[in-house]
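Think of it as A, B, C and D in the order they're written, each chain with its own count starting at 1.
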Amino acid sequence: MTDLQAILDSIHAELLPRLGEGKVADYIPELAKVDPKQFGMAIATVDGNVRSVGDADIPFSIQSISKVFMLTLALGKVGEALWKRVGREPSGTAFNSIVQLEREEGIPRNPFVNAGAIAVSDVVLSGHAPREAIGELLRFVRYVADDESITIDDKVARSETQTGFRNIALANFMRAYNNLNHPVEHVLGVYFHQCALSMSCEQLARAGLYLAARGTNPITGHSVVSPKRARRINALMLTCGHYDGSGDFAYHVGLPGKSGVGGGILAVAPGIGSIAVWSPGLNKVGNSQLGAVALEMLAARTGWSVFGD
Amino acid sequence: MTDLQAILDSIHAELLPRLGEGKVADYIPELAKVDPKQFGMAIATVDGNVRSVGDADIPFSIQSISKVFMLTLALGKVGEALWKRVGREPSGTAFNSIVQLEREEGIPRNPFVNAGAIAVSDVVLSGHAPREAIGELLRFVRYVADDESITIDDKVARSETQTGFRNIALANFMRAYNNLNHPVEHVLGVYFHQCALSMSCEQLARAGLYLAARGTNPITGHSVVSPKRARRINALMLTCGHYDGSGDFAYHVGLPGKSGVGGGILAVAPGIGSIAVWSPGLNKVGNSQLGAVALEMLAARTGWSVFGD
Amino acid sequence: MTDLQAILDSIHAELLPRLGEGKVADYIPELAKVDPKQFGMAIATVDGNVRSVGDADIPFSIQSISKVFMLTLALGKVGEALWKRVGREPSGTAFNSIVQLEREEGIPRNPFVNAGAIAVSDVVLSGHAPREAIGELLRFVRYVADDESITIDDKVARSETQTGFRNIALANFMRAYNNLNHPVEHVLGVYFHQCALSMSCEQLARAGLYLAARGTNPITGHSVVSPKRARRINALMLTCGHYDGSGDFAYHVGLPGKSGVGGGILAVAPGIGSIAVWSPGLNKVGNSQLGAVALEMLAARTGWSVFGD
Amino acid sequence: MTDLQAILDSIHAELLPRLGEGKVADYIPELAKVDPKQFGMAIATVDGNVRSVGDADIPFSIQSISKVFMLTLALGKVGEALWKRVGREPSGTAFNSIVQLEREEGIPRNPFVNAGAIAVSDVVLSGHAPREAIGELLRFVRYVADDESITIDDKVARSETQTGFRNIALANFMRAYNNLNHPVEHVLGVYFHQCALSMSCEQLARAGLYLAARGTNPITGHSVVSPKRARRINALMLTCGHYDGSGDFAYHVGLPGKSGVGGGILAVAPGIGSIAVWSPGLNKVGNSQLGAVALEMLAARTGWSVFGD
């Protein structure tokens, strides 16, 4: 079998001179403070092993990667009825675009653009107070990662609440089209807190393992979703997980993945394992620049691309 | 091993009562004449076997499926330089939309929307007369399908030439942005003839086998593209192959695929085989309605989804 | 000289059988309660006479007509520097569209679409508390109308505050582009209250008279703006005053005008007089249906069109 | 009465140092050759006098100003039925934009954007050969200008035919929506020739005089259109005559006007006269930069703005 640790080490070594490439997200003040030269990577395989390299044990703001966990929760609550509220197609526009919402009357294109995740937050709320919904998400993430130490970074959540004018616009716009059932502030409370989840690459790789393993976490034995639902979430990650860079990511990496503006990416190799990478500098469509490069190296060296070896 | 023939037979039997669903493309007069109750399906596996059911030996107009073969040819000619002329992202709009072209200054979103395929045709022309480029495509398709009997339906080509006003608009629009190097009539000559390729499901399944088999046709032993390029073409098919229904197809079927308004779909199960299905009735985004259903059944019964079994 | 009273009477008589045409605005609950069969019209001429017919003394919600008064105030505060914050071109889209804002990075097309009026409200605020800015507007309108009895309908203001999700979206979107200097709630507080101004046709005709009389109200002798500025505000009313129906209004009526979803229209015949009409039923672009018809009749019978007699 | 000749002379003198400002249209090769320092201006008043200054007797390519004459012809042929084929609203986008056509299904926004003028050309064709329609236009323009020496510049027409890819795209796009009844080449033949009309400022001012004089040319006594139709054409010129700079032109000049990329502008002062100005350098929305400045000076010094003196 391939020596995964050696591959991780070689990727890390090759990328060392490039650390700091890209541009750290600065529209969320709290994120702008992050040291851009950090880099971590972890792989959890379906046999339960976790290998890692670099800053893989340092928690970072997972931001939009949380949309995968919220989608899982929402599908658990309402099943396929979710698709009345949000589409399943790539957007063809930026992650925070509002244009599409006007054209398609308040129905976001997919659960992984901001508007879609806000609609998903509304579904997860389902009559509860924001605090309870946030608590539910935190419990869920701790459960799938099998790690009670995971927390939400309140400073980041506050920072986003104070500056998230585009997200407030998106939420109110959907509310105008009756595609939010709860007060806008409640929905955004949930949304801003999910983005502020703080996790390390190792935690994240373990948390995503159910998607690689037919819906069940092989480490804990917990069944999270059915095999069919795991496949479907993977499909959405592949077509929509990197905003308007999803096609490019599929072309170069060939794995379902979800990025966050904190510089993290969670990728899934179905039947094999779950990979988390973190490098804060972003490319021009808002995805981790070196994170994508690292995953391209990994896929090339392991033959894990879903599109052939 | 799974009994593929039995699976094909069961899919055919289950779909029999639904034949005729969807709406045959009527904007190309010649296509509107096709009997909507036809249905064929064929699977070519990497071991060289071809199994089929229904009208799998009747040639039909493959239309946009030809874009896969043209893309292969263009990449062979200019390699990655192709991506200066066309993007790699899902479009978020209809297959014949011109809006995106204005926003992105004449660079089509991907090679599988009409505008993108017209740009690819311009690349394949590369200084030749249209007749030669069409000849080259025909030779290529016969070569990958290992079948010299494949032809282009001149009546369909003529029908499209006379009514393809939107495609003429797209081509002239790109020409205005200097993204076509040859006369518009030449480029469209190539484009309309590629769409008029006439192939049966069996021929198509064999022709697509190189994409499932690391770039080499296992039946003939012909090396068509490198393994890396095969993966990349598959990735583009998965993210962009079904126009604004690509996300939905990935969600339900989970295989790279390319549809045509003639009612055909070519799908690829990497490492396993190539599948062609044909049912003329289209759904509202222009993809074969029962073709997609048949492939969803197949993926469910075989576990071939690239997103997990 | 033309007998204006006779013309008003004839218009009223001819429209009587049609009263109730169009559709009362229902997205603001308080407006939905208005009796759709009401109709009033008043003309204030530069000689100081006011003639009227029908329900011309009943106050109604002037809504977007207030944008003319706010624009006048903002130009008074910052002069031509206003045009760094908002454009002067017709929008080509609906009054509450957000698409243009994304394309043009937070700069609204003109001061008479909602986004533009919100930017104007931000300018009028200029460091004050919302209450003071609202007070300033109310004093201004009373001054130009020479009528201290004019008020703001708090129920309407509250109704809009509770349901104005699209306007909240527009304001936050502009805030994201740094095109609002004050807290969104303050700006919207001003915006929602200006829309809730309650005036009769007679009051409105008098209030608009300065625009017909080289910037000076001939009744009171108050100089409001320079002749040049009066011309310019009239120009903006003509090109942008009826949202995406401005071209149509110019074609049929030929007078600068500003409509409101309360069913009112203020029109200006430069050098001659100011006309206010009120009929609650709206046409499909959101302008008073019979109000426009009445003004077309008036222009035809008086030869007041600015485009020739 | 104002000494118009003195005003023209003073405008010319003040602009002399600025001649050459703006950017000559270069997308039509034949236009790119024009000397940018030329400047002419002519005023025809309803009393039959024509005054002029500078290069007012040198013919130039009137380009889109011809759309006014074609609109007059089309209204003469089909009357108000024209508005089923083209709208009457400002576009909110560039003169050659295709985006709106897709959104509004092949119906151009107004007769003065390129797509609208192409639809108008189709109406004027009305079953004739292109040569006849072009002949009809030429006869009409000679008739309203009372000048048999006016011609069409074949070199310009040919230059546009060879490079007018966007216009070819627009025409085919409308054809796809069944909004052209004649072959695309015929319609464009008419369109490209109308743009190539060659007229001097003096000829143009006389030709436009019917619009200032209730539809009748006061010099020849020829009745061209009804007073109502003259008003309506003026209204369209004011709201749509300067593409996406129409609001700005109304704001600064306050007269109905139509610009062309040859650097000409035809403006109308209803009841007073018709003005033509020519200066080849264009501003960023494609209108004559100094031409607009000259007209603003004229309006300021004469008090001719339709929005008040």
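Note that in this section a residue touches a chain if its C-beta (ideal position, glycine included) is under 8 Å from a C-beta of that chain, and two chains touch if they have at least 3 such contacts.
All values reported here derive from a predicted model rather than from experimental measurement.
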{"item": "Approximate Å spacing (C-alpha centroids) for the pair chain C, chain D", "value": "32"}
{"item": "Centroid distance [mean C-alpha coordinates] between chain D and chain B, Å", "value": "47"}
{"item": "CA centroid of chain B to CA centroid of chain C, Å", "value": "55"}
{"item": "Where chain B touches two or more other chains, by residue", "value": "none"}
{"item": "Graph class of chain-chain contacts, one of line, ring, star, complete, other", "value": "ring"}
{"item": "Complete list of chain pairs which touch one another", "value": "A-B, A-C, B-D, C-D"}
{"item": "Residues on chain D engaged by chain B in the complex (per definition of touch)", "value": "97-99, 101-103, 165-166, 168-173, 175-176, 184"}
{"item": "Chain D-facing residues of chain C, complex", "value": "87-93, 100, 109-110, 211-212, 214, 227-228, 230-232, 234-236, 238-240, 244-248, 250-251, 254, 256, 270-271, 300, 305-309"}
